[in-house]
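Here come two complexes built around chain A, the first alongside chain B, the second alongside chain C.
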Partner chain A sequence: MIRTDALPKARGALPYAPDVELPGMLWAVYVTSPHPHAEIRRVDTAGAREVPGVVDVLTAEDLPGLLPREPEPTRPLLATKVTRFVGEPVALVAAENLPAARAGASRVQVDYRVLPAFTDLEREFPHWPTPEEMRSHPQVNAHVHARRGDFDQVAHRADHVHRERYQTAMVAQVPLEPHACLARVQGDDWYVLTTTQAPFGIREDLADKLGLPQEKVRVEGTWVGGGFGGKNEALLEPHALLLSRRTGRPVRIALTFQEEFLFSRTTQPAIFWMESCLKDGKLVARRTRLLLDTGASLPGRDFALGYSLGFTLGPYRLESFELEGYALRTHRPPFGPHRAPLAPQCTFASEGHLDSLARDRGEDPVEFRLRHVWRPGDRTALGQPVGPFAAEAGLRRARETARAWKASAPPGHGVGVALGFWSTGTGAGGEARLTLSPEGLVLLQGEREIGNGSIWQGLPEVVAATLGVPPAIVSVRYGDTAHAPFDSGVWGSRTTAALGYAVAKAAEGLRRELERRAPGSGPVSFTARDGALTVAREGRSYPATDLMTPEERAEGGLRVEAKHYGKNEGTLEEGLVLEGEMFPYSDLIASVHVAEVSVDRETGAVKVLRYAAFQDAGKVVNPPGYRGQVEGAIVMGLGTALTEEGLLDPEGHLANPGLLDYRIPTLSDPPPELTIVALEGSLGSGVWGSKGVGEPPIIPVPAAVANAVADATGARVTVLPLTPERVSQALRGGARDPGGGRR
Partner chain B sequence: MTGEPPLTLRVNGEERTVPEVAADTRLLDLLRWRLGLKGTKEGCRTGGCGACTVLVNGESVLSCLTLAREMERQEVTTVEGLTGTPEAEAVQQAFAEAGAVQCGYCTPGFVLALVSLRREHGASPPDLPTLANELGGNLCRCTGYYAIVRALADLLGVPVTSELPKSTFTVEPGGSP
Partner chain C sequence: MAYALHFPRSFEEAFRLLDPQGQPPALPLAGGTDLLPAVEAGRWHPGALVSLSRLPLATFERAGDEVLIGGTLPLRRLEREPAIGELLPGFAEALREVGSVPLRHRATLGGNVVRASPASDLLPPLLALEASLDLRSQHGRRRVALVDFLRGSWETTLQRGELVERIRVPVPRPGSYRWQRVRPANDISQVGVATALVTSDARSPWRIAAGGMESHPQRLSGAEAALPQEDPSPGEIEEAVHRAREGTRLKDDRRAGEEYRRHLLGVLLRRSITSTVERARSMKGRRT
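== the complex of A and B ==
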């Protein structure tokens, strides 16, 4: 079935957030810090106010009287005494038009005193630090330490300890549509129209940041031009609302691509020290030490470290393990989620390490994985039972493919395999409202479609299949957060799977209600006639709307509501020694990928020629949507693997904040041959046994490519992305970083 | 903003005169904010993504890099003007059917670029590799391009050739319960 939003989008007929306007609207632009770390001595806005067309200038000084509650000093809406990263908002200028706002912004004078900046994790920490060093380190945001057994003792008894150091780069989501919003405050109604994956999340965030009760904040989503994790948090909305409050006019803010790179939230560099112990050919223990750059993030909101650390163990049976990590506050842009946050990076380290261990021992890396991979009934390192999980099935298929490719590939090509696992956000809740009305079956949603098809196509398909009718009679209508039922948002690969559950319950409820109301006693069936739901029982059929009461008719239809709040099953294991916070997994999802590459030995350029993805699907709800997610995620992952890297110059400025130098894949980059197999049967807790798909297929991509490069050349590249320079360096036998212990 | 001269151009077949167009106004902003044609999307503003593609005298240009004043007496066509023509409908339909429209932010740019490529060559339409090559400046972050290449192939009625991105998708039993 063709998605009904496709043609209107192709005709340019659907409005996105950067397209919306209101009469009397002001344009606001940011004045941002040019320094990664500086004291602000004075902000002089007089020059800006003189620019014709400038209506208002907002600085941190204006905030206290304006907000219902003092802003938290740890989470400033605008920089007060110091700036903590290049691009941090210091002031905003609102004007009648964009040129005037820009001219005004250029005339805001900020007197900075530059302070020493911490922007380079590698320079700051050439080695894994000692506990003493870290105890007093001012930049530690979070520390996690978990272990079972005594790693050092196991290592002592081991036949072999494999040690490596891995490093990953800053990467950005780069949706083609930059952030934009339009705010209008009227009395107690704080209304904002914005491009977001999570209108209810933004509402909560706004209420928190502005000190307002949630009922006063009204968020309306627009069509979203790509999210990938970058549109979950209130970024521009607080400023637009405050300016609207002050000026009494609607206010628009839209980021340029450069600003998008500088101050939206994204993935920052990480360094992994990996150690694995072998005893009698068996992997018995692993230790990971992780330093995670969380940019100018603030303490107390750090899920990233505790969540990602577990992925560095891989889905393998281990007798003991140790995980330790520090999240460090640096003077880089703040950290934020990006499609399976940090999992591609963790898996690059974990699966690269495993691959190199197996190769060093002369064993086939896939066989090695098969000997250790979790099977249903095993326990995860954290002690949770492993439920349905298609990792083993995926590995078997990958083994077959890798062998066939190896046999048919020209000499010099390499074939690599990697296994990524993920746990979906099915624990997050959602509610559904389905209305049988004269216009058909209508679902009311807070989120607009963000591109993956989950809202626009996945949910209607769930309704249709539950009733046994074609999806065309189900439509989606949008409402703001004051009108639509609550949902956690389009993130964590959860929407079709978890919100779909609530939608299926609502459709089930409607079916039961109609069965109860339909005269007669035989079985009831549903069909669609002229776009309307039709009920048939005992040879008689009539429009379902005939079964509505007069009150329902007056209120627009028969409304059925349902909720689904999944639970994150399980607790962490008792025997686990844990400092800091770690999180239990919900559904486990495997992605097993195979890559065939060629490597130019002169230049170090890597080309991916064939690629296969075996995905643990549970159950595929929306086949074209599923396929689109896998294709898109793999190519995005190839960007992370090969070209994407936010680079800082020596002064700590992002050197490539734009598409010309930060290279995302183009039409000529994807592998010419891609095989996608969705393996059904290891059922998840989503609707019909589905598991999420938005994130899992990006996870093993960088590792699969690096493992293929190692297969082709014998050289292991341990730093992302695999640029030609890094590959040639590895080919020349360049420093193979030792991993492991304290210095 | 006063004292700037007006600009007269043809947009989507109609003559339009826009008062007070500053020398540094870009065509993208003129179309979107002075003429209300928001189907032309604003992406990178630096010539790197193709989302802002429009036709000037039938040739595709990046409106973010084009000064509005250079359009004096020129013929500009946006997605709004092209929609409804058989060439545009064919491209739009092919994209929709192939699943090449996810978030859709890149799609109008692709449509304009493609229509101009196909028109340029008149009787001997470019083959699939040529089309794919010429679209190298149009970025898409959602689809990974596989569906876009499928749409191009469908449009030409040819199979996807070996060097271009092509995928297969199957759903199979195989997970363990």
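== the complex of A and C ==
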């Protein structure tokens, strides 16, 4: 199957945000902090203003008079007295063209006094800190402590307590299209065209940040060249709008790759101390202690810690557990969502630890998992009932595959298995508008297609299947937030599953309406003829548009609207002793992966040769789109597993802000043999019983690879990514692991 | 970053445009895969760029016991020359490892040599092959051995106004190149080791060079001297590995630690020697 947007994209015919121009448009370029932590003593813009072509320079001083009302106390739009990470915007220069804007930006003089920076979690915390140390630690942003039972008491009575430390790296989303937008303010119309996963989310965010009522903000999405969680927040849009407001002209900002690495919001390093207790061969308790670098995040605004901690327990039955973590405010870029935020990292720790425990005890790690995995009817560690969940079925398939590969693999190869679980955002709401018009069936959307096919292909598929016609007669059109129906956005693996629900309801509504209008009383069937919907009843068939009223004809068609606001059900268990915030799970999804690797014992190089994914699908809506999401997630996960790592130099600057040394997988890197199996039947709360697919398949990838390396070599690498250098050092023993943040 | 871009059709015109006294200097432009991003990033501020694309430099020729590679011959065309794979197997395998195919369609051997990147995958094999360069300027021509041409990281004895006309490589020479990277393709090598065999040297028939050093890629003459014969004994190979590891200053940077590079140098040297010995056997009878 060839996607209908593939050829125009390959030919460069579809405009992305940096391709759109408006007459009289200005270009704006950021002046950003070169220091992780510094006092700003003075910002001198005179030099920039002298550059021919420079029209305006915006600094924090200009903001107060510019905003309609004082915005919510969020992160300052431009740094005022202090900069808190390299890349934090300090000023912007707008000019008639890009070279003039760059020249102007290079002539803005900022007088900094460098302050001590906290950028290295590992150096600051070589050990799990004591409560006393943390009580007075100025960088603690959030603390979560949850327990059921008394871990120490269980450990005291246990036959064996397994203890390990895991560490994960800074990884970035790396969309191949960096952030870009084009803003135009005319009177009360604050309009911005931008590359985003969530136009309505951006509208709300902009209204907050600029102190505007939402109805004055109009956001139009463009085709999106990849988001992966990094395009949910208003990053450049506030600045472009403010500059447009001041200059009265349209303003474009388009980040370079280097800027994308420096100031987009991403995953920062984490350290996990894992402990598990065995009694009579059974896993009875686990304790996780987590230090999470959340970058220059805002005090009291942490969702990451409470959300991620639960993933470190895995989907396993435990009599008691203890979870404790600190989110630390550091002088790195602020933490932000990134395809299943932190779940691959937590699962690397959790599944690596489980695997190493089982191997230590001489038990097959898959059998060990099968003895403990949640089954429908169990309760999660946080107390929600486990509904339809295909973890056990996935483990059985993985066991079969792992055995077959192990039997056929040459000596020295290793086979590893890992199980990840996820809970989706199917509760977030969405609305659909389907129009029967002379041009066919048209869906109007705020979000543009982001690359995964969910908007462009998945939603038409739902309409077509509901009516029983081919998807080719359904098309998608786009509108800005003033015209398109509301939707929460393309995130949280929710688009096809949750927005698809609203779309199915709209298609159902259209079917009922046409049945009501069609003359006669027999059963109605639909077909497509010459690209148009055709209605057949009692031996007569005619174009569906014949059933439209003259008014509808005049207004462009018969419109049907529907909405779907799901529920995130569940409460936390009553017996849970909790300080801080945690969130109940809903709609559990399992991913069970198998990796076969070869390891060069001298150089430490790891090659993934065969890879299989058994995915808890519920029901697949769009099979090629489903497969594409799983393939993409696996390849992206292999980057996290093997090559991707944001490195800081000793002064706290990102040492590899570019595609040369921040190594995402290339086309020559995916495993030569890739098997993807959708396990259908454990139905979820999405349309037709579907479950989300964007995020779940990335979750177990680093763990599966590390477990395969352990199987091949007997050496457990507990630091991500598994670069040849780290693996080689683990194999040779002795040499100190360079740790995260160095290499 | 405005500059003029010229396309001279003759050497005379090119040398006039590359006037050594010009300020800011005009720079010769071959494939541009390294130079243009550097200009774009503001690391170079040329007065003008002088494209060499219309000069007759994209040539390849076998002349007696040498191949003559034109300075602007794209790497992709070079790697497809049957003579390269047949006569210089070690160089051929290094060529296939440079960047990506689209990049190799543009990048040139002359450009790679004059940039003198410490991480070049082509300089170690060219050093081991005892390559030399024909340089040309408005004052005439000169020939210089590559080993003397390289002066440091990003540093050569190339004069302003001077162009690489040809790279001369003696053939046939069994050899091999072994390298290690974090990501197998499209990445910079952490260490690269090239070995090659010559026939006429009383001291040692081995030529060994490596990249990933503290400075530019260099010959490892201590290791060469430990290998007095074409088919070395395991003990001799270990001695060569020992000398290479002990006698070499290696880089310590974000791409690899010094300790790991030293470890790799030994591993890759051992593998390269073994591979070259095998190739020498299969090339027997075709060597000069």
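In the analysis below, the second predicted complex is superposed on the first by the 726 of 743 C-alpha atoms of A that agree within 3 Å, B and C clash if a C-alpha of one lies under 4 Å from a C-alpha of the other, contacts with A are read in each partner's own complex, and residues count from 1 in each chain.
As a working rule, a residue touches a chain if its C-beta (ideal position, glycine included) is under 8 Å from a C-beta of that chain, and two chains touch if they have at least 3 such contacts.
Since this is a predicted model, take the numbers as computed values, not measurements.
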**Q.** Per-residue contact with chain A, leading partner among chain C and chain B
**A.** B
Q | Contacts of A:Pro724 with chain B and chain C, given as first, second, both or neither | A | second
Q.
With both complexes overlaid on chain A, does A:Leu660 touch chain B (first), chain C (second), both or neither?
A. both
Q: Using the touch definition from the top, say if A:Met1 reaches chain B (first), chain C (second), both or neither.
A: neither
Q: Tell me which partner A:Ala46 touches in the superposition: chain B (first), chain C (second), both or neither.
A: neither
Q. Touching A:Leu647 in the superposition: chain B (first), chain C (second), both, neither?
A. second
Q) Where does A:Ala605 make contact in the superposed view: on chain B (first), on chain C (second), on both, or on neither? A) second
Q) With the two structures laid over each other on chain A, which partner does A:Ser668 touch: chain B (first), chain C (second), both, or neither? A) both
(Q) Quick check on the superposed pair: does A:Arg732 touch chain B, chain C, both, or neither? Answer first, second, both or neither. (A) second
Q.
For A:Pro99, using the defined touch cut-off, is the partner it touches chain B, chain C, both, or neither? Pick first, second, both or neither.
A. both
Q: Could you tell me which stretches of chain A are touched by chain B in one complex and by chain C in the other?
A: 99, 660, 665-666, 668-669
Q. Residues of chain A touching chain C in their complex?
A. 99, 602-603, 605, 607, 642-643, 647, 649, 655-656, 660-661, 663, 665-666, 668-669, 723-725, 728-729, 732, 735, 738, 742-743
Q) Taking the complex as given, what residues does chain B use to touch chain A? A) 1, 22, 24, 29, 32-33, 38-49, 51, 78-80, 83, 91-93, 95-97, 99, 101-108, 111, 132-133, 135-149, 162-177
(Q) Looking at the complex, which residues from chain C come into contact with chain A? (A) 1-2, 100, 180-188, 190, 254-257, 259-260, 263-264, 267-268
(Q) Under the definition above, what is the set of chain A residues touching chain B in their complex? (A) 2-3, 5-7, 9-16, 18-19, 21, 52-53, 97-100, 174-178, 223-226, 228, 254, 256-257, 375-376, 388-390, 392-393, 397, 450-453, 616-618, 620, 623-624, 626-628, 630-636, 658-660, 664-683
